[in-house]
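Handing you this structure, nothing more for now.
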Amino acid sequence: MSFPLLTATAVLPAVGAIATAAVPAARRTAAKWLALAVSLGTLALAVTILVRFDPGGARYQLTESHSWIAAFGVRYELGVDGIAVALIGLTALLVPFVMLAGWHDADQLETGSRRWRPTQGFFALILALEAMVIISFEATDVFLFYIFFEAMLIPLYFLIGGFGDRAHEHGEKAASTQRSYAAVKFLLYNLAGGLIMLAAVIGLYVVAGSFSLTEIAQARANGSLHMATDVERWLFLGFFFAFAVKAPLWPLHTWLPNAMQESTAPVAVLITAVVDKVGTFAMLRFCLQLFPEASKWATPVILVLALISIIYGALLAVGQRDIKRLIAYASISHFGFIIMGIFAMTSQGQSGATLYMVNHGLSTAVLMLIAGFLISRRGSRLIADYGGVQKVAPVLAGTFLIGSLATLSLPGLAPFVSEFLVLVGTFTRYPAIGIAATFGIVLAALYSLVLYQRTMTGPVKKEVSAMPDLRVRELVVVAPLVVLLIFLGVYPKPVADIVNPAVKQTLSDVHKTDPKPEVEAAK
Amino acid sequence: MNPVNYLYLAALLFTIGATGVLIRRNAIVIFMCIELMLNACNLALVAFSRMHGNLDGQIIAFFTMVVAAAEVVVGLAIIVSLFRSRHSASVDDASLMKL
Amino acid sequence: MSTAVVHNLWTTAADPISKIDAPKIEYGQLSPTLIVVGAAIVGVIIEAFVPRRSRYYAQVFVSVVALCAAFAAVVALAADGYGTTKAQIAAMGSIAVDGPSLFLQGTILLAALVGLFTFAERRLDPAAHGNRVDSFAAQAASVPGSDSEKAAVKAGFTTTEVFPLLLFAVAGMLVFPAANDLLTLFVALEVLSLPLYLLCALARRKRLMSQEAAVKYFLLGAFASAFTLFGIALLYGYAGSVSYATIAQVVDGNVPRIDPVLANTMGNDALLLIGAAMVTMGLLFKVGAVPFHMWTPDVYQGAPTPVTGFMAAATKVAAFGALLRLLYVVLPGMRWDWRPVMWAVAIVTMLVGAIVAITQTDIKRLLAYSSIAHAGFILAGVIATSRDGVSSVLFYLAAYSFVTIGAFAVVTLVRDAGGEATHLSKWAGLGRRSPLVAAVFAVFLLAFAGIPLTSGFAGKFAVFKAAAEGGAVPLVVIGVISSAVAAFFYIRVIVLMFFSEPRPEGPTVAVPSPLTITAIGVGVAVTVVLGVAPQYFLDLANQAGVFVR
Amino acid sequence: MENLIALLIAAPLLGAAVLLVGGRRLDAVGHWIGTLLAAVSFGIGLVLFADLLGRSADQRTLTQHLFSWIPVAGFQADVTFRLDQLSMTFVLLITGVGSLIHLYSVGYMEHDERRRRFFGYLNLFLAAMLLLVLADNYLLLYFGWEGVGLASYLLIGFWQHKPGAATAAKKAFLVNRVGDMGLAIAIMLMFATFGTFAFGPVFSHAGDTSEGRLTAIALMLLLAACGKSAQVPLQSWLGDAMEGPTPVSALIHAATMVTAGVYLIVRSAAVFNGAPSAQLVVTVVGAVTLLFGAIVGCAKDDIKKALAGSTMSQIGYMVLAAGLGPIGYVFAIMHLVTHGFFKAGLFLGAGSVMHGMNDEVDMRKYGGLRKYMPVTFITFGLGYLAIIGFPGLSGFFSKDKIIEAAFAKGGTEGWILGGAALLGAAITAFYMTRVMLLTFFGEERWRNRPTASPAEPDVEPAAEDRGTRAEPHPHESPRVMTIPMIVLAVGSVLGGAFFSIGDRFLHWLEPVTGHSEGNSPLSALTVTAATMVCLAIGVAIAWAQYGRKPVPVVAPRGSLLTRAARRDLLQDDFNHVVLVRGGEHLTRSLVYLDHTLIDGVVNGTAASVGGLSGRMRRLQNGFARSYAVSMFGGAALLVAATLLMRAV
């Protein structure tokens, strides 16, 4: 029995969370450093996974399997394929930056009391969230996945509701009420989705008699497990609903803008860049593998919904007055692309979708974190309160511009690769939808540039005239991400090579092959 | 005489008792109605016991009487204490807790 | 009618016999109950003879020892295989010693022990005239606010009778799920109810509410037990016997020798159906299922919080045990009749409990409604009518009871001038003032809500799984929906505690003695353990999932 | 030798990186670094050019494979460069003109504190533009395509503190995005059709697919071209783009980037040849634009906007030529190159004038400047002669060929297109003469006029200039600025002749684009004569209007057409009303819907559950007896239900 690498990667942050929470109130700086160290350790482990993972090898690698709750037929089964590896890497990579970015977010809540330790809480919650996200990426047992899929709501819920922006246009009282509204909305949406899924999970067990993804997929493949059509469809809907809420897919998206708007920028990044990815990831891993037929059956509707998300999200982003809301709606648009890529059922589409998950994580992180720095300086989230920042804080503006350009997926920056792959992949099978989706790239340019123009250019507003440029800590956060954006935009091969085999597998699960080019087909 | 008639009588008494519980205000009276219901049960038990020609029913009837007695002890204690603190035995007055 | 006939009327039964053979009682197998009853009697004697100042200690000591001993006895019996292989019917067929009864007795005893700790807590209320006081009236007999009461308080009286009362109730609860004939069922029902009626009336603070709760509980309880008794009578009439086994045989229609009378009554289904319905109704009243739930909120709110906790936990366990046995042992033959009805009851219970709870403003009432909703969930497991169904219900009960006691124990800590501050608005910002307590309570709430990694989730999953396998998928869906609704108000409380600004005149959190701390600690421990590693206990429940016939 | 190709791009890219990341410490030398690297790139270009010349005509295609860019099953996008005669031409044009304009900017941007950044952007542009023309597959081309878009965005909006500039930049990018959408769709179509989008396979398989497919691809490519080359209907951004510094207008919005569309069409010759109907559309677009631009050019008083109109119109010529197919490809490129020279020269001249006139752009406030800035006058004049196609100068050769080719299209189309081209020539002559007269001849209208200046707030932040706005002191620009102008003037004088004598250019380019002589109904001589006549007419009218009688400083109201033309023929108003306003309404209403409808449904359900709860709660009225009632009723129901179950 080799070293349980996957378990370790999840356990380390969990233990770190407990340790951080246990740090006495007086030593809050120590708590911060401890948490940061733990997240870096996790990153190291994630890198180890990346190294140990062999793209050409078995489907699930580094697998671990132990009996857990025999009574429910639940096993503790872990294993990663290329998609999971990529997303674990993303998670482990982002968390340290998020922590650095949110270094002082909890300070404002310090009351100096001995018992109340918001700083420790903040960092411990982030670590706990990381642990749960990572294990849900690793789980190959449906039940195990479900447990953490649900459980991760709790730390995030406290992160959203407990820590908000320093300033608010309607004062602190309104801020706290809006915050808790956002938190409750977030939790109820996702809990509802999760509980629907719970019914489906139970149903799955009743039908399949097992929770093991590999077993069920295999049984389905060799026909030893037959599902009645309507049963499969119902179960699929149960699963998909939960994932669509998490993702989020129109029209289940309305929790996201509130949540991102009210939470601090780092937490907002965790929401879109990390947690929501679990939803799209799960579509790829569970919906398609467990219910191939139903997936194909549902594809048209889902593609249309995804298309709506793309256009709708972009249009609403244009109409926003609040920076964070704008980014939230932009994310909704991007998730539309991801889901579209997944259900286009072509290798370009799905590879693109997976790359998109990673790239979108990076681009949103850059944009949102810088927006956070901006907001913390000016104390307002309203776009109208800014202007001419470029003049006083060129570096901030420059990086923000790069973030915006990434959001509108400019070639040379990572998101372009994935977005174009998704479009091509969709186009080859559903030309109309593919073309319609390309309108998204125009709208994306619109909202990104409007945001940049209104905040950064034009005459310098009085309130921002004294705004300091990026500090060292902030630069340390932003610079590596920007570099990564550019690198993956020019040379995405490393990630693509890891992802492609897994996608190939998934496609073979749903018995789909890429459509032949018209020329060859003619021959 | 057809033993079933005893059952009809028992049922009748039971219903009377139940109705009393539903319509009377005074806790004591309600309590007495409940006793009436219990006795209706006893009647039914004894009747059945006779029908089946075994003694179980009659034994239960004895147990029921004991239980009823115990209930009286407990019940009266509670009702009286309530009465002393409220100077009224009406159960409708005791409605602090609602909604 | 002729004299001979009249004479026959009361002599037929008694043929002349030479000797009366003594009933055969397996004292060993009944030891748990016997220990508790004995201890209760000892408690009464203590009340009579031990000087007032040392009664408290004596009572607590006796009760603790008794409960522990009883639990040890249960464990011994289980270890001895009475739960599985040697399961049998003891005491001339009136008590069943088998898996479910032992499992539930164990649960009840532990719950009672934990509950006892909260009973014995004396640090929460400020000491009156230098005497430590618990949460029970100084002198139940004295009128609230009267001089006699003041005198009693001054004299430092405490109602140490609560401990024997508790033990009597526990004794009743131990018998309730094990009862194997209707008579024992009825007696056990009364034995567990009557002490509870009294305990409800004994609150130290808010005595009027306490007495009101007692009256309501008493009258409605007696009303319900009257129904039960009538149902028993009818069942007896139908089968000519009160023994579960016999009735089951009659219901199934395979009786060794059928005399004409029996044939006649057997033919009359009305007796069976009405009787079964009425007995079931009595049990549903105890578990607090809709529409027999209405006493629950008022009583939970009015009763002294330790009693509420104990009652909410242990009574449910016992009552569900009895319900299970009735449905699985006596009435399996007519499950096609009662399952649909139970479906309806379960659905209504889940929905009503969850929905009405949303608008509650008092934490104790809120928990009351949540307990109603949970009764609905458990019923879903009962309906499964499978071994999995039984074991899932057993597991759920075990998980639920500890969460409940723990939650109510936390409620006892949050106090202001008027005693416990149960109004939700006063809980605002509790997380800021004392994060630990708030966090613990949050854990309990999450368990109630059935969030994964808590015992609540494991239990809920178990019952829903059993129900689904039993073909009750719609029930599962509704259960899922109602738990989504229920999640809302649990979360509301969390929001209140953590995200809203604390009130300046907010309540204080009393520093409890090790007793309450133990109670809460056990609650948390069980919640987490059953949530993360439920395997062992699920196996236990699974082994215990078979009724002896 | 192939390995040098990457260096072409690497040099300016390095410059951009160094200058943009380097920070303030490079402020002192930044501009020289930028210029140097541009020159280096030009040098490499020359080396490669020499190498190509050294090879036989069919050996002149070099490719360099760097690495695999996006490897996904079936979807292979590589970073591969292709250097052939066509791209070579562009490389020389871009790096050559680019270097000159770098040099010019050293002087022009002297007072700008952000000069280093400016050069960084310029280098970035060079790199992107070179990538565009050197790419060996459409996706890589798309990379460069959007890259130049970004560079132009940054440079148009270089003076970000001017709201006008920022808006213009955004507008340019957005309109281009619409075009890019076309390119993206075209690439998707290619992938779906050929399974690849690399030049070689696509061109070789173009024959294997249906004409319908090819037409679709071609039209999408045309859409892209329209966006980048400011062709109708996507031309609206070019005028506003003049907000940028003048060197930018010269390099990007006259010489190089805006001609990328023409490059795209010519490069995709194989596709267009297979789609005649698409080609027709191309010619129509070209013809319409060349007239549109010309008309707009006549009405503008802002010298740069006038030149912008002319750019539009000249590119119209090129697109028209490109649309003609093998008849026109070569001449399209030839005109593109010559136009690169003289239009860049003209813009630099305009910049020099503005430089001397405190950034006054309104030609009505110029006049008689020839004696104050002789060098500018001469170079500008030569450029002017070149563009109107004065015999012997470069414009004469290239434009003449296009007009011939238009007629050579044959049939009514031929006549219409040719006529349009001739008419365009006349109008060109008119508005360029107008510019010339207003700027360098006539009385000095800039003397002793009030301070109030309708012009944009000054471009250079140096405040002291603004004070002296009232009375400009026209002066010749420094050497560093005049030299590039002179070089370009030389180019615009000799270029055409050099290319045309013995059809040098034709033979050079033919192997790539192919060439065929059309059957023109008119002889070359006739066409040339006609052109000369039109030219004369145009000049004459202009002289009559602006040469003889004095020009009012404030523009007269003018005819309906004039007023429309001043506003880009109302095309902007259309955009504003339909797109901008409409978009605003749409988004606003969507935001409202999102809140009320989608959120409303959810909150509504929550509220209704709450209400239900409140109502059910009232049943709990605290009266023990009503509880008993519910129990009794419940029991009754239970019994009834059980009996019922047995009954059914």
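When the chains are written out, they are named A, B, C and D in that same order, and each has its own residue count from 1.
The rule is short, and it goes like this: a residue touches a chain if its C-beta (ideal position, glycine included) is under 8 Å from a C-beta of that chain, and two chains touch if they have at least 3 such contacts.
Only a predicted model underlies this, so the values are computations on that prediction, with no experimental measurement involved.
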Those chains which touch subunit C and also touch subunit A: D
Chain centroid nearest the full-protein CA centroid: A
Chain whose Cα centroid lies at the greatest distance from that of subunit B: D
Selected pair, greater C-beta contact count between B-C and C-D: B-C
Interchain centroid distance [CA atoms averaged], subunit C/subunit D, Å: 81
Approximate Å spacing (C-alpha centroids) for the pair subunit B, subunit C: 23
Subunit B and subunit D: spacing of chain centres that average the CA atoms, whole Å: 97
Centroid distance [mean C-alpha coordinates] between subunit D and subunit A, Å: 37
Junction residues of subunit A, two or more chains touched: 188
Contacts with 2+ other chains: residues of subunit B: 18, 21, 30, 91, 94-98
Sites on subunit C at which at least two other chains make contact: 215-216, 219, 223, 227, 297-298, 488
Every chain pair in contact, whichever chains are involved: A-C, A-D, B-C, B-D, C-D
Subunit D residues within the subunit C interface of the complex: 606, 609-610, 612-614, 616-617, 619-620, 622, 624, 626-628, 630-631, 633-635, 637-639, 641-643, 645-646
Residue ranges of subunit A in contact with subunit D within the complex: 188-189, 251, 253-254, 312, 315-316, 318-320, 347-348, 351-352, 388, 390-391, 398, 405, 410-412, 417, 420-421, 423-424, 427-428, 431, 434-435, 438-439, 441-442, 445-446, 449-450, 453, 456-460, 490-493, 496-497, 500, 503-504, 514-520, 522
Complex contacts: residues of subunit D adjacent to subunit A: 20, 67-75, 139, 142-143, 145-147, 150, 153, 157, 160-161, 163, 166-167, 169-170, 173-174, 177-178, 180-181, 184-185, 187-189, 191-196, 205, 208-209, 213, 583, 586-588, 590-591, 594, 598-599, 602, 606
Subunit B-touching residues of subunit C, taken from the complex the two chains share: 9, 12-13, 140-141, 143-144, 182-183, 186-187, 190, 194, 197-198, 201, 207-209, 211-216, 218-219, 222-223, 226-227, 229-230, 232-234, 236-237, 240-242, 261-262, 265, 297-298, 301-302
Residues on subunit B engaged by subunit C in the complex (per definition of touch): 7, 10, 14, 17-18, 21, 27, 30-31, 34, 37-38, 40-41, 44-45, 47-57, 59-60, 63-64, 67, 70-71, 74-75, 77-79, 81-82, 84-86, 91, 94-98
